[in-house]
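Structure first, commentary second.
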């Protein structure tokens, strides 16, 4: 997984019909770069989050495979980083 | 997912027979780099798009696994980026 | 797989309910960069570890697909590096 | 998918027995870097090609999973690149 | 797939029980970087090898999913590189 910080929200009115309903957040990844992740937790801007990527992100959704390759799986509350 | 901007179209007359019919767009990825994504939405040049990658892109297609590892899943209409 | 060194622990009180119970370690990857990996082995800070990524990491867990894309699969005890 | 240009051929007499018979081409990727892709189309040196990566590349082959993570899916004949 | 050159061996006495028995080799990747790949072929140090990555690497193993995301699939014997 990777750590990141929520930067804002993305809206996409015109999208494929298999995209699940919910928030798409723009996240700045620790170490640089940005990605868009599906947020099932209702995270706020500037919140530190944990993101999983690839097919395991899509597997969070049940039914037809969701076209989601990045999922916020947790809000980070503490770290013992050196 | 990643954000990008449509730059043009790719034509491939000679291709494997499992490639689905449809548009293959060249997209400039936010942060640098380019990739080719399948476009089921009819996006225009310069349009900002949301792209999913990997096996979840292929899962959009039904029947035999499509050899597609990048799919435009939405057109981006607004963002609250800092 | 990639080699890394454990740097600390991550806590996430608010997380998706499919995240397995267990330690989430921050690992500094050989060659640069950091990632968060699930640790089923009880590794210590500064321990050199071997990490697998992607859907094969999630497949370590049984039952519903775990949203885990990085797994510590071993503690490295020796290398014949040039 | 990514675009690339065929640079040459790779031979591997000693290989795992699940590797499908066929050409393995070295491809220079647009933007830099090289990879080895399986070529089911008979592409020539200097030909511009479209490559898919990951498990969807392996899914092109039927029967036991092929250990192929990069597949040439088309020869590029034209582009409207800006 | 990617090309690389074997640099040495990794030992991991303490590992998850689903890790298959066999050699784990450290490989220097063409273009830079290193990774650890499972070697079913008995490759020697300095040998040039072909590596596949991701879930297709794990699919080489039968039975429960192996936590292996990089597999040596061949020894490279010749190339017509420009």
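Going by the order they are written in, the chains are A, B, C, D and E; count residues from 1 in each one.
Simple rule for what comes next: a contact is a pair of C-beta atoms (placed from the backbone, for glycine too) under 8 Å apart; a residue touches a chain by one contact, two chains touch by 3 or more.
Quick caveat: nothing in here was measured; it's all calculated off a predicted structure.
Undergrad: What chains, if any, are shared contacts of chain B and chain D?
TA: In this structure, no chain contacts chain D and also chain B.
Undergrad: Between chain B and chain C, how many degrees of rotation does a Cα superposition need? Round to steps of 5.
TA: For the C-alpha superposition of chain B onto chain C, the angle is 145 degrees.
Undergrad: Report the inter-centroid distance (CA atoms only) between chain C and chain D in whole Å.
TA: 31
Undergrad: In whole angstrom, how far does the Cα centroid of chain C sit from the Cα centroid of chain E?
TA: Here the centre of chain E sits 19 Å away from the centre of chain C.
Undergrad: What are the residues of chain C that contact at least two other chains?
TA: 54-55, 57
Undergrad: Viewed as a graph of touching chains, is the assembly arranged as a line, ring, star, complete set, or other?
TA: Chain contacts: single closed ring, each chain with exactly two partners.
Undergrad: List the ring in order: which chains come, beginning at chain C and going next to chain E?
TA: C, E, D, B, A
Undergrad: Sort out for me which residues of chain A touch chain C in the complex.
TA: Residues of chain A touching chain C: 1-3, 30-31, 40-41, 50, 52-57, 59-60, 71, 73-82.
Undergrad: List the residues on chain B that touch chain D in their complex, please.
TA: Within the complex, chain B contacts chain D at residues 7-16, 18-19, 24, 26, 33-37, 45, 54-55, 57-58, 65-70.
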